[in-house]
Amino acid sequence: MSPKPRVAVFKMASCDGCQLQLLDAEDALLELAGAIEIANFAEASSRLEEGPYDVTLVEGSISTPEQVEQIKEIRAVSRFLMTIGACATSGGIQALRNGRDLAEVVRQVYPTPEYVRSLERSTPVAEHVKVDLELTGCPVDRGQLLGAIAWLLQGSVPRPPTTPVCIECKRRGYVCVVVARGEPCLGPVTRTGCGALCPAFARGCYGCFGPSQPPNTEALARRFLELGMSPVQVAEKFRFITGYAPAFRETAERLEREEASAT
Amino acid sequence: MRFLDEEGFGRLMALLAARGYVVIGPTVRDGAIVLDRIDGAKDLPRGIREAQGPGAYRLEATGDHQLFAWSHGPDSAKRFLFPPREVLSTATRLEGELRVDPAPLPEVRYAFVGLRSCDLHAIEVQDRVFAIADPAYRKRREESFYVGVNCGHPGGTCFCDSMGTGPRCAAGFDLALTELGGGFTVEPGTARGEELLSELGSREATGAEAAAAAAVTDGARERMGRRLETDDLPGLLYRNREHPRWDQVASRCLTCTNCTMVCPTCFCNDVVDGISLDGTEATRTREWASCFSEEFSHMAPGDVRKSARSRYRQWLTHKFASWIDQFGTSGCVGCGRCITWCPVGIDVTEEIAAIRVTDGEVAVAEEVVA
Amino acid sequence: MSLDVSASAVSEAEILAGVAPRVATVRRVVQEAYETYTYWLTLDDPVVRRAYRFEPGQINMFGVVGVGEIPISVSSDPARPMRLAHTIRATGRVTNVIKGLRPGDRVTLRGPFGRPWPVSAARGGNLLVVAGGLGLAPARPAIYRAIRDRGAFRRVIVLVGARGPEHMLFRHELDAWAQWLRFRGIETHLTVDIADDTWPYGEGVVTTLFPRASIDPRVTTVFTCGPEIMMRFAVRDLLGLGVPARRIWLSIERNMHCGVKLCGHCQLGPYFVCADGPIFRYDEIGELMGVAEL
C-alpha cells in the first residue's frame, strides 16, 4: 500500500464556504482522514506542513497582489491542483467589480477604504497558473468534491458533468419555473451539480455552477426579454455569482450595450 | 361497456390500494398536474384544467367537478417504470477480492390511474427498448395495473391524432374510463381488469352513455392543438441531414435536455460508477441522460456531436425516423410535452413542417475568408 | 400486463452476460506501444470461464469497479477464449485507471457484444486486413482465425500503419509475421508515418502499401480498422482499385454505456454500434460516415 497522498487546502479571496463543504462532511470526513493525509488545511488544523503536496485544493479568486504570488508558490509545490467553487473557477461575486472603477467600488463598500489593497479585477485561478481540475459551484457540491477525491485516489481525473441543471431538475421531478410560472431561471445554461436546489423551492436558478456545455445564453436572454424583463435586468441575471465566466459575461455585456444604445 | 358512478370510482381507488398497489395518479403540485403517489380520489385534480402552448403551461380552475378535464403535465409513467436514477449493482473490494452484486429486483407494484392513450402507447414504445435486457423494468411493467382515461381534453400542444396514438385508449390498459357527468363508462382491456371491475358494483352503460363516451374522444380529435403530416417522415429527415433549418433551430435551442426528459419514450441513460473514499465500496447507478448533452457522445478523440445543430438533428431524426428502423415504431406518440416544456418553446411539428416545405434545401457553407 | 418477449432471439444467458458484470483477474500486463498495454485476463468463475466464447471483432465492456466501463474489443485468439486479452491505450478517465492495473487486480467484464468480422465470408478468396494504429487490436483475432484456417484462403494480407515505430502495436509479433510467416503464406507489410533509423519497413500512410499488396479486387475481402479518417482514405483507394463496397468491412467506435441497445449512446444513424456493429459493411454505413457529427 502506497503512503497516503498528502493533501493541502488553501484559500484565496472567498467566504470559506467551499472549505466548509469538506469540514461539514461529517461521516465522510473520518473516511477522508483515513484515505488522505491532510498536510495543510488552516481552517481545520493548526498543524501546517510544507509542500510538496500530492493534491492541492484552492478556494477563492485571485483578488490581491499577494495572491498573484501566493498561487504561483502553491502551484510550484502541488502535483495536482484542483480549484473548488465559483470564486476560484470564475472570479466569484467579487468579480462584480471587474470593469468598474475600483476606487469607487471600494469607497461604496468599505468604511475605511484606505486599508484595502485589491487588484482591479478578481480573476479565476486558471488565469494565473495551470489548473488540473475545476469544480464549480457556490458552494462546491460536497458529493462532487468527495467524488473527485475518490477518483484521484483511484488514479484518474474525473470529468464533472457539463450538462445543464435542467437534466437534474427533471430527474427529480421538479416543475419547470420558466414554463409553469414565467420566472427567469438560469438552469438551461448552467451546469448541473447542485441537485437543482433553487427550482426545488420553485425559484429560478442563479447560475452558481457556471456555464454549462457551450451554453446558448443568447437564446435564453431572448426568452427572458419575452417574459417582460429589460435588457439590463436580464444582464443582471447573468452577472451574478458566476457572472465573470466568459459565456455569461459576454451576453451580459451585449445586453448592457443594447440597453445603452436604446436610451 | 359498463358504467361506474363516482362512488364506484372511489371503490376502484380503494380496491387498488387494498390489493397492494402503490397508486400513481395525477395531482397538483407547484403549479402543474404531476404524477405522484395518491391516496384516493381526493388527491386528483378536481375542477382543474390547464392551458398549454410552446414553452408555457398554466393551471386554471374550472368550477366544475370533473377529475380528468385536463391534458397531461410533464410526467409520464416513464418516471416510475424507468426511474430517473436506479442502482444497477454494488461491489465490494476487500483484500484483493472483488464481489459484484446485482441490485435486487424491485418489489413495488404500481397502479397507474388516469394515463391517456398517448402515454399507454409510450409505455409500449419503451417496452421495445427495455423489456428484453432489463429484468427490473420488465418486472415493474408486468406487475403494474393500468387504468387509462379516454381523452376529452387535448392540450394546446397535443397531436396524438396525427401519430395514431389517441385520443381513445386502444390498447395497453387493464381498464379504460371515460369521464361523463356523474360517473364513468368503463371498458376492461384484460381479464385482470375485468375481474377487478366485477368487484366494483358497476352497471351496464346505457346507449346514451355509450354515445356520450364516444362523443368525448370524437370531440377531442377535433380539438388537437397541433397536427403533423407524417407521410414518409423517415425519408424526409434522412434526405435533409444538411438542411439549413437545423442551423436555424440550433440558434434557438438551449440544448437543455428538457424535451428528452419529459418525452415519455426517450430512454437514453448513463451508467455512472461511484466509489467510497477508501476504495472498498462501489455503486453502479443508471440515470436519465440526454442526446442533448455534449458529453453524451464523448469519445477519446473528441465528442462526436459537438454542435447544437447536430444534437437537435440527432434527437428529431431519431424520434421520427431511425426509431422506426430500430424498434419498428415511431418514437413519437404526439403528446406534445417536448413543445410545452421547452423553455424557449421550440415546436417539433413546426420544425418538421419547415423542413417539409423546403425539402431538399441544403445549407450553404459559409465562404471561408482567407 | 404480460409482455411478449418471446419474439426475441436473445437467450436468458446472453441477457445476463450483457447485464451482470463478471469478475476477472488480470494475469499479465504487456506494454505494446506508447501508453498502450495488453491486459491478459481470466474470468474468475470457472463455469463462466469455460462457457465464454467470442468472435473476432466483438467487444467486451471492460470495467474497473467504482470507476467505470469502456467498450473494447478482444485482441486475443478466439480459439483460446479462456485467455482473454484487451489492448488499451490510456487516453481518458477510465483508461488512465486501467493503466494502473497490475497482475492480480480484479476487473469486470460484460459481453461479448456485437457483430463480428465475417472471416468466413473471405474463404475461397483473399483476405486483406488494413489496420491503423490501435485498430490492429480489434483486427488481430480475425488474423489469428485466418492463420488457423489458412488453407481456406488464397492469400492473407496484413497491412499495418502507425504514426511512428513507438506506436506500432504487437511489434514482436508483426516482426515475426513479416519475416517468417510469409513462408506460411501470411503477407505482412508495415509502415509508419514518420520512421526512425531503427525502422526496417515502409514510410508513409497505410494506403501507400496497397501497390505492394497487389490487390486483386475480384476476389478480395477487406477488413479495415483504425481512425475513421484513415478508414475513409483506405476505402476510397480500395473502391478506386475496384473492390466492391459490399466486400469492405469496417470497425466503428462510439461511446457506449450498456452494450445491449438500451442506453442510446452508440447510435450511428439507424444503427446501434453495440449490436448492429461494431463491424459494418461499407455499403451499410458509407453514406453515414460522410455526414459530419452524426
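Should a chain be cited, it is by its letter among A, B and C, assigned in written order, with residues numbered from 1 in that chain.
The criterion applied here is as follows: a contact is a pair of C-beta atoms (placed from the backbone, for glycine too) under 8 Å apart; a residue touches a chain by one contact, two chains touch by 3 or more.
Everything numeric in this text was worked out from a predicted model, so none of it was measured.
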*Reaching chain C from chain A through chains that touch each other, fewest steps*: 1
_Most remote chain, CA-based centroid, reference being chain C_ = A
*asked:* As a quick test, compute the distance in whole Å between the mean CA positions of chain A and chain C.
replied: 43
_Centroid of chain A to centroid of chain B, CA atoms only: how many Å?_
35
_chain B and chain C: spacing of chain centres that average the CA atoms, whole Å_ = 39
*Could you tell me which residues belong to chain C and also touch two or more other chains?*
66-67
*For chain B, jot down the residues that touch at least 2 other chains.*
274-276, 279, 289, 298
*Which residues belonging to chain A are in contact with no fewer than two other chains?*
150-151, 154, 159
*Residues of chain B touching chain A in the complex*: 29-32, 34, 36, 55-58, 73-75, 79, 84-85, 251-258, 261-262, 274-279, 287-290, 292-295, 298, 308, 340-344
*Spell out the residues on chain A that touch chain C in their complex, using ranges where they run on.*
150-151, 154-159
*Along chain C, where are the residues that touch chain A in the complex?*
64, 66-67, 93-94, 96-97, 99-100
*Write out the stretch or stretches of chain C touching chain B in their complex.*
1-3, 5, 8, 10, 15, 18-23, 63, 65-69, 89, 91-92, 95, 104-106, 108, 227, 253-255, 257-258, 260-265, 267, 269-270, 272, 291-294
*Note which residues of chain B are touching chain C in the complex, please.*
89, 91, 93, 96-100, 102, 127, 129-135, 138, 141-142, 144, 146, 172, 174, 190, 241-242, 267-276, 279, 281-284, 289, 291, 296-301, 304-307, 309-310, 314, 318, 321-322, 325-326
